[in-house]
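The structure appears right after this line, and notes come after that.
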Amino acid sequence: MTTQVIMLNGGSSSGKSGIVRCLQAVLPDPWLALGVDTLVEAMPASMRTSDAGIEFAADGGVNVGPRFRSLQVAWQAGVAAMVRAGARVIIDDVFLGGAGSQRDWQRALAGLDVLWVGVRCDAKVAEGREVARGDRVRGMAVSQADLVHQLVAYDLEVDTTHTEALACAQIIAAQLD
Amino acid sequence: MTTQVIMLNGGSSSGKSGIVRCLQAVLPDPWLALGVDTLVEAMPASMRTSDAGIEFAADGGVNVGPRFRSLQVAWQAGVAAMVRAGARVIIDDVFLGGAGSQRDWQRALAGLDVLWVGVRCDAKVAEGREVARGDRVRGMAVSQADLVHQLVAYDLEVDTTHTEALACAQIIAAQLD
Amino acid sequence: MTTQVIMLNGGSSSGKSGIVRCLQAVLPDPWLALGVDTLVEAMPASMRTSDAGIEFAADGGVNVGPRFRSLQVAWQAGVAAMVRAGARVIIDDVFLGGAGSQRDWQRALAGLDVLWVGVRCDAKVAEGREVARGDRVRGMAVSQADLVHQLVAYDLEVDTTHTEALACAQIIAAQLD
Amino acid sequence: MTTQVIMLNGGSSSGKSGIVRCLQAVLPDPWLALGVDTLVEAMPASMRTSDAGIEFAADGGVNVGPRFRSLQVAWQAGVAAMVRAGARVIIDDVFLGGAGSQRDWQRALAGLDVLWVGVRCDAKVAEGREVARGDRVRGMAVSQADLVHQLVAYDLEVDTTHTEALACAQIIAAQLD
C-alpha cells in the first residue's frame, strides 16, 4: 500500500514548516501541504481573537472555541476527501488535545494510509527559535513542547534540536511505502 | 434552502480578495475563505515554475499543466466535502477556462446551494491596481479581465471599477438565502 | 531646482502605499520608498507593544513613547542624509501630531526641495478599505482620517475616495520640478 | 567607547536575520535593524529585475548594476547619519564584493565604533536551510557561502552550523563595549 498522508505533529517553533517544504522538495511526486495555519488563515479575522474562535493569549496559551472546533471538523473531512480523490497530502498540526486530537484525525482519515510523525524539539531550543522568528507570541513554544505529544502514537519521530529540517525530511521520506 | 457556497470569479487584481474579507466581516456566521491562491501555496515550490505545474509567464499569461490539473480536481472534491460536512465556504477563483472551469466546479459542488458571483473590473483600472500592488506580474490583470468571464453564468455580478469592496460584499450578502 | 523628496501624509488605509508603488513605476528615475512602516519594522518587536515604544490600541488609537520618538528623530536625520548623498526619496508618513509632525520633518529636511502631498480619503471609505485589507486594527482609519491633516500645509492634495492610486501618482508626478 | 554599530556579514541563508532579531531581544537598549533587504525593498520593483538594478539569476547568482550601486552609496551615508544622530544600529549585509564591500562601509561609518561580525555557515547546511525556507532562489546559499568573507576582517565570527541564533546573539552581545 502506498502512503497517502504524512501527518506531522509538533509544538510551535519545533520546525514543522521547514520539514514540510523540504519534503515537498525531496519527494518525487507533488504533495499538497495543508496545515493548521492554512485553516486559521481561512477563518474570518474576528475568529482569531474571539472566545468562540481561537485565542492566542499573551502568555503563549492557545484556546479554541466551539465555532473553531466545528469548522475544524469540516476541514478535516475535506482534507480526507482530497486524499480519497487522489491527492497526496502532508499535514502539519499542533495536537493541543494530545491523543484526543489524534483520534479526531484518525476518524477523518479512516481507511487511508497515514504515516504519523512526531516532530520534537527541546523546549529551550524551540523557545530560542521563537525569539529568532520574531513574529510569534512568546511562550507558545515552551507551553506546547510536551503537551502536544501526550499519549500520541507515532510511526516515526524526528528531533530538530540537533538535526536540520532537510535531514529530518530525508528520514521521513525513507519511511514512505 | 440556505446558501452554502459563495463562488467569486474574476481576473487578477479585480478585487476578489478584498470582497472575500469584507464578506467574512459582514456575514453573521463564520465562513471559510478558500481560493485558488490557497491551492497554489499548498503546492510544492517547484510546481510554480514548471511545465507540469503552473507557470506565470513574463507577459502575464498563466499556463496550467497536467499535474496542476490533477491536484486541482482533488482540491475541488475536498472543498465540496468541507461544505457537505457543514462548513459554509467562500471560494475565489480565476476561471482561466471560462465556462469549462465553471463546469468543473459544478461537477464538484453537485447538490450544494451555490451563489455564483462574477467580479468585474474595467481592464484599465485593474491594470493600474496591479501596479499599485507591486507584487504581481504585470499584464495578468489585462489578459484575464474578459477571458475569465466567457460563457460563465452568474446569479449576480458586481463591478469594483466604481464600487468599494465593502459595498460589493453588502450587495452579495443581501442575495444569500 | 529639482524635487528631491516627495512627502506623502495621510491616515491609515488612505491609500498611501499604492500611490508610492505607482510613483516608483511612473517616475523615470529610481526613487527610494521609505515610510513610517519601514521604521516600525526596524525596531525591536518589544517596541511595538510597550509604553516606551509604539502601541496600537484595540480601538485603533496609536500611542508613541519617548524611545520611539528618539529613534524617529535619528531616522529622520538619516533619511535626509540619504537625500543629501544623492538619492531621491518618497516618504509616506502618518502625521499623528499634525503640524508638529510636519515641523519635525521640515527641520530634518532643511535646505532640500520637498513636495508636500496630502493624501485624503473619506473616513467611511477608508474604514471599508481597512476591513477589506483584513490585517489592520479596526478603527485606525477613522481615528486618523482628519487628525493627521490638522494645520499641515501642502503643495498638493490628492483624494483617493474616487481617484485610483495610479491617477493620483500621475497628478503628483506632473508637479515635480 | 560604546559600540554604535553591529555589522553582520554572511551569505544568503547563513542565519543573519534570526541573529538580528535575537540581538534586538537580548540587548537592553532598543537597536534599529537595517539590512540589505530593507534597501532592496525600498527600491522600485523594476530595479529588482533590470540590468541597471539588481538581478537574481536562476542559478543563484546576484548581479548589481550601476543604479543600484549609486542608491546603495546614498543608503550607507544615511544609515551612518542615523548613528551619528544617536541611534544604535544592527546592519546585516551580504558582502558580494568581499573586502571591497567592507571598505565601502568603513568609508561611510568613519569615526563610529563598529563591531564587525562574520556569520559563517557550512555551505551544505545553508543550502538545506534555503530549501526549508522555500522562498529563495536555489543556489544563492552555496554560491555566497565563502565568497562574501574573502579578505574581510572581523572582530568576531559566529558559526550557525551547530550554534542556535540566540546563542550566537549572546556571544555577540558579550563583546559589546
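By written order: A, B, C and D. Residues from 1 in each chain.
Just so we're on the same page, a residue touches a chain if its C-beta (ideal position, glycine included) is under 8 Å from a C-beta of that chain, and two chains touch if they have at least 3 such contacts.
What you are looking at is a predicted structure, and each value in this text was computed from that prediction instead of being measured.
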- Same-site or different-site touching of chain A by its copy chain D, using the half cut: same
- Item | Pair of chains joined by more contacts [C-beta pairs], B-C or A-B | A-B
- Task: Report the inter-chain centroid distance for chain A and chain C in whole angstrom, where each centroid is the mean of the CA atoms.
- Result: 39
- Message: Centroid of chain B to centroid of chain C, CA atoms only: how many Å?
- Response: 33
- Round to the nearest whole Å and give the separation of the Cα centres of chain A and chain B. 27
- For chain A, residues that touch 2 or more chains besides their own: 21, 24-25, 45, 134
- Task: Show which residues of chain C lie in contact with chain B when the two form their complex.
- Result: 17-19, 21-22, 24-25, 125, 128-129, 131-134, 162, 164-167
- Of all residues in chain D, those that touch chain C in their complex: 21, 24-25, 30-34, 38-39, 41-47, 53, 67, 70-71, 73-75, 77-87
